[in-house]
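Heads up, there are several structures right after this.
Consider the two complexes below, in which chain A is the common component and chain B and chain C are the respective partners.
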Partner chain A sequence: MTTLWSGLADGALYALVGVGYNIVLLASGVFNFANAQLIMLGTYLAYFAAVTLKLPLAPTVLIGAAAVALVGVVEERLAIRPLMGRRDSHATLITSVGVAVAIDGIVLRIWGSQPKAIPAPLSTKPLNLLGGTIEPTSLLLIVLVIVVGVGLHILSKKTMIGLGSLASAEDREAAMARGVNVRALAIGAFALAGLIAGAFGVVVGSGTYANPGLGDNLALFGFVAIAIGGSGSQIGSLIGGFATGIIYAEVSRYTNADWPQIVVFALFLLILLTRPRGLFGGAVERQV
Partner chain B sequence: MRVRSWVRVRRPAVAVMAVVSLLLGVVAVDGAAPAGAASTGTYTFLYSGDFTGATMAYTQAEVLGLKVAIKQINAKGGIQGKKVVLETQNDQNNPTTAVSLLEQKLTSGQKPDAMYPGGSSEVTQALLPILTRDKILGIDATSSSTLNNPSKYPYYFGDSELSAQTVPPYVVQAKAKGYKKVGMIYGNDVSGQASMQGFQTAFQKAGITFVSASFPDTAVDVTPQLEQLKAQNPDMVIFSGYGVPTLYILKGRAQISWDAPFYADLLSGAFPIVQNLPASSLHNVFIETTKPFLAGNPASTGNPVLNTFVSDAKSLGGQQVLNNIGAGVTAVGYNALILINYAAKQAKSTNGATLAKTLESLKKANAPVPWLSYGSNSQFGNFYYTSKNHYPNVFPSGFIFVGPGTYNSNGLFVPGTGS
Partner chain C sequence: MAATTAVSPPALPWLRSARPLMMLGLGVVVLVAPWLGLGDYWSRQFILIAILALVVSGLNISLGYAGELALGQVALYAVGAYVTGYLAVSHGVTDILLCLLAAIGGAIVVGFVSGIPGLRLGGWSLAMVTFFLVIIIPNVLDLLSSQTGGALGLSGIPVPTIFGAQLVGDGFYVFVIAVTIIWFAIFRNLIGSSHGDAFLVLKQSPILAATLGISVYRLKLLAYVVGAIPAGIAGVLFAFLSAYISPSSFAFALAFTILTASVVGGSQSIYGAIFGAAILQLGPERIASFQNYSLIVYGAFLVVAGLVFSDGIAGLVRSGLSQARRRGWLSSAAPIDTVGPMAESDVALATAGDDTAAVIGDLAGEALTVTELRKDFGGLTAVDDVTLEAVPGEVTALIGPNGSGKTTLLNLVCGFYKPTSGSVRLGPVELGGLAPYRSARAGVARTFQTPLIPKGMRARAFVATGRYVSHRVSMPASILRLPSFWRGSRASDAEALRLLALLGIARVADSEVASLPLGTRRLVEVARALAAEPKVFLFDEVGSGLDEEDIHRLEEAIELIRRAGGTVVLVEHNFPLVLKIADRIHVLSQGALIASGTPAEIQANRRVLEEYTGSSETVDTIEELERSDAVPGPPPAEPR
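Let's look at the complex of A and B:
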């Protein structure tokens, strides 16, 4: 059961990355490859606020949320908006990769290569739960990611902003013709993804440490999470992320280091071959 | 008429071209890609390392050591009268980048006299064929035994012990405690695998059961691997990881309430554990360190060469490096140039091939020996390489197990309470 808890905790990280990918994808049709790096940046800002400035938890979370939201907005303005509307939709993917690399470099320049410990918001004494052990902060991470994912799912389906975002992602020109402010939605999406990434800095960083490799380590499995769960579906992100984490953990428990990635990517390929839109992704028309 | 005019005009130009060609030919014959081409009066030492990535802290320490050596050597006239000049290349701990950068240097005529070929076994392994091809002397501190191959890499020498050489004290410890089964958790990369194989061979030879579990370098959690190992009930566990995985191992150990004694290997032991984990996670955790760099140990307090080294390192702005990474890592950079200088004095030459041969038959140095790491009287090891061994000879008595600690202002290790 400890292994299962470990898988859920790791899966929560991948789901969090997937949720961030989907927020931007649903509102603007853009795949923001830098989202994992935004989460990494959130952990460093948590370190800065909690350790360097010695602030309590609430201001630490607020600073992280606000700062990374601002970074998201800047990313949208500089790396995404100039390329919106182009025929080649892959350009924004490439520039978002560039933003990811830039964030990696900035973090190394400011904080160096040594990992930074972030105080946990809850006790570090492991809990005995259902026959296994888990750190309280890891349990909090799992719960919060589920709350955020479900909340965003409801937002996208039941509110005008959410529906407008879906319309904008499906057909930008048609949405504009209907009076949807697509630019504001895109900016808002990047800001929201950044805000969530920054707000989670303490909870994520207290388990992973703020370390310069964190973004790269999370990015790939975050992508696998939405590929399995279905791009554009927040519920799919959650299920894809947790499934990835659990499979990886269980295979690690019973085999050696070579197998977990093989098994996860075999599942990824299976989903792509049999259900390309993912388990919960929407059907997409194509010309024949 | 026109032909004669042409000949009159062109003849002086042809003569000039002939003279220039002759001069160029003389230069070309005098050694292809001349070493330190820009300055015949200097000895160029090239350091290849990671200046901007996850391992840059170790680079800073090694470069500091080189700078201390350069300061001391140049103050006494340089290597065989040649002032030592340090050049660097940022290989970002990437073998492809390292090879590309070195090849660029060589094709542009900037062949170094010697070099430090990388901060990891992967990078060094990629560069050694070039060093061999171009007869460039190389000394660094990477620890994979596959690099100790004088017949294949005649110009390469290690100035830090092989990972396999650090293993015997663990076997001695296990036997002394009566342990029947030893486990190991390690990162699944070249260094981790080499470390594991060294331990596996040694423990199996000693008749102690050895079990292991590995994790990828990209892991954000190693609790499943720890669970796998715990299920096999080892009496003691050795852990190996580079950077943050070391912390994941100890954090996961605390989460599953596993109090078996955990021993860091050389790689994990060099990582600043204490600053990043609560004391409760460090109960029954030990690291292997070396007596020459242990605070309060006679091997460190009684070494005038170490004292001068520390003083010079501080004068070059290295206080933070000494505090954070320690004098031991800094010393490997220092030793590289000190050994070259010592060999050059013996050979009365700076030629790479000659120095490589000389390093295989160094004359015994009187105490205090000019290099660091193995005691002022070589009581814990030495750098007396042979034609069959290009790594230091290390004695188990030089190692000691202590609790994870910190470095003092002189870069010497101050143990914590691991027991």
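Let's look at the complex of A and C:
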């Protein structure tokens, strides 16, 4: 059970990245590779606010959320929007990888390559739960990610903003003609994804540390989460993320440290081969 | 001649024909540089640049030409290096040619394993699969640590040999440069063949590629796997150069270096890979503080390059040359639109008069039979049990208001949609449910309402893409420039010119198609459709947006196809045009067929008029109809 809990805690991270990918994907049809780097940036800002500035929890979370949301907006404005409506579809691939690499570089430049510990917001005394142990912060992470994922799912299916964003991802021009403010939606989606990434900085970072390799790793596993769950499905992304985390943890338990990554990779290939749209696939990234 | 992919207009012909020789000359100079006083430091740098350039060139094929981002060149590079290390250390194999062969084989296998799942979905999945491939390198090496040395690395890789002789010092240098030259010659020949044009089509419009009978998935896979080869080669060279390899040589940061080098040099270029590799190899060496900022610089560069100059240095050189030419600093060839050798064929066509049917040759048209075809989108029935037939030697028109299901029907025939029920047959072949490229191969050719034309392609090359599948020249033959390549490309080019001349637009043969006026682009598309020698032609809204003269030309072209025995299906808004050239007209309304008949019958049909004019009064003349037609058409034509 302890393995399961630690799998769920890791899985929550992957699900969180997947949810962030989906927010942008659903609103503007763009895959934002740099989303995992935004989460990494959130952990560094949490370190900066909580450790360097010694601020209490609430301002730490607020600073992280506001700052990363701003970075998201800047990214959209500089690297994504100029390419919308252009025909060569792979340009956003390059620019969003560019943003990710630049964030990696900036973080390394400012904070160096040594991981930085972030104090846990809750007690570090492990809880005994359902026959296993888990740290309270990890449990909080799991719960918060589920709340955010389910909340966004309801938002995208039930509200005008959600429906408008679906329409705009499906067909930008048609949505514009219907009076959907496509630009505001796109920028709002990047801001929201950044906001969530930044707000999670403390909860994520107390488990993973602020660590320069975090971005690339999360990018990959977050993508596996949406590959399993189907891109565009927030619930699918939660399931995909948790499933990936559990599989990883279970494989780690019985084998040496090399196998979990390879097993997840094999699973990823298998999903792409057999269910290329994912298990719960809905909207698909624009192909043409 | 080979269809070139260069974006530049065909001025500077001396440069174009001299470029391969120039590059070869440059290569030879680099090859003999040790005897021209190149020191040890620089010869090592040149080797490292060559190795990086090989890896980058592989990425250029998949990213620049096939439009798929792959981040896993590092993994394929590692495969090459470790295959070599394993063979040399564990088995004492030092023959570098044998190692190259084994490494290429290994890279191809890994290319297929990652490419087959990675390309299923398009978009990001290849990038992520290959990204993952790089991340698990240390894990895989660790699991195979008895062969690879695990995290400690593999040391003591012996000096390579070739035909039993040791390759050291200048010998190794010459070998590396020679291999690089040979690979770039192969790369150039591949891109300068019909395959290169097919890559361009694939990248810019998967829909057009499928319409040409190209399996998008397979061609992308092929491009990606071909791109794996130079990475494997580079791995061999690196292993022998450094005599020690470890997982840290293949870290993920290298993937970003490779991507940046590709984008800096220009992903969609051949020699750009060398420039990009040189800059990224020498930059950090020469600028001490570069290390600290390298990731930030790479990232910023990727963003800027993606936004602004997506063609990299190669693109800047290209546009610089055309600037210089425009300002008269360089001699330029005759402008493309003036009288050139092509004019003769134009004249020939003009005098051919009524013989055009003989010129076009017989088209083996087949009957297109649509039986109770139905397509539902959720609760909406877009095509409602439609039955109709189009026969060879006739023009069959499909008309109806917007949203009546005309284009959906066309897309069902082409395979872009799968029918809910019913059948579509071309002669004896059932098309319903076939993938678009299979429909195209079965003999369906179509044009698009908005012509789909890749940027940077000249008319003759674009028309020749119609023959890519039907008159295929194999990739090895193209790379090795075998006689079959020359025969094939000469025949395709001649056929393209002939078809352009037939349609009266021979003068645009060397113009970039995307920059031509709409009417001419439509005609070029018709020529492309003709080049495929299809069994049925589907023309989607072929007359919309054209002026009278363009419409007249298109009418002639369609008439030509009809007389040659082709099967023509016309989807058209322009009622007068349809009345004039169609033999049979089918009228769709809200997905259902409401009338079929000859133009005269349709003209007299009350129901049709209601749909079209909102009034049930019959009109006697087209002029009257024209006045009430919601869709602006050309000035009234003479009724047949």
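Observations on the structure shown:
Throughout what follows, the second predicted complex is superposed on the first by the 282 of 288 C-alpha atoms of A that agree within 3 Å, B and C clash if a C-alpha of one lies under 4 Å from a C-alpha of the other, contacts with A are read in each partner's own complex, and residues count from 1 in each chain.
Everything below uses one rule, namely that a contact is a pair of C-beta atoms (placed from the backbone, for glycine too) under 8 Å apart; a residue touches a chain by one contact, two chains touch by 3 or more.
No experiment lies behind these values; they were computed from the predicted model shown.
For the composite obtained by overlaying on chain A, chain B and chain C cannot both be accommodated without a clash. Once the two complexes are overlaid on the shared chain, A:258 sits against chain B and chain C alike.
When both complexes are overlaid on chain A, the residue A:92 reaches chain C alone and has no touch with chain B. Touch criterion met: A:105 reaches chain B and chain C at once. Of the two partner chains placed by superposition, only chain B is touched by A:13; chain C is not. When the shared chain is aligned, chain C comes close enough to touch A:269, but chain B does not.
Shared-chain residue A:216: touches chain B and chain C both. The superposed model shows chain C running into chain B at a single listed stretch; among 40-48, 472-480 or 598-606 it is 40-48. Shared contact residues on chain A (touching chain B in one structure, chain C in the other): 105, 108, 216-217, 220, 257-258, 261. Listing the residues of chain C that touch chain A in their complex gives 63, 67-69, 71, 113-114, 116-118, 120-125, 127-129, 131-133, 135-136, 139-140, 142-143, 203-207, 252, 256, 259, 263, 292-307, 310. Residues of chain A touching chain C in their complex: 31, 33, 78-79, 82-83, 87-95, 97-106, 108-109, 216-217, 219-220, 223-224, 227, 257-259, 261-262, 265, 268-270, 272-273, 276-277, 284-285, 287-288.
Interface of chain B with chain A (complex): residues 52-57, 188, 213-216, 218-221, 223-225, 227-228, 243-244, 247, 251, 254-257, 272, 275-278, 280, 324.
By the touch criterion given at the top, residues 2-3, 6-7, 9-10, 13, 105, 108, 112-117, 124, 126, 133-135, 207-209, 211-214, 216-218, 220, 249-250, 252-254, 256-258, 260-261 of chain A touch chain B in their complex.
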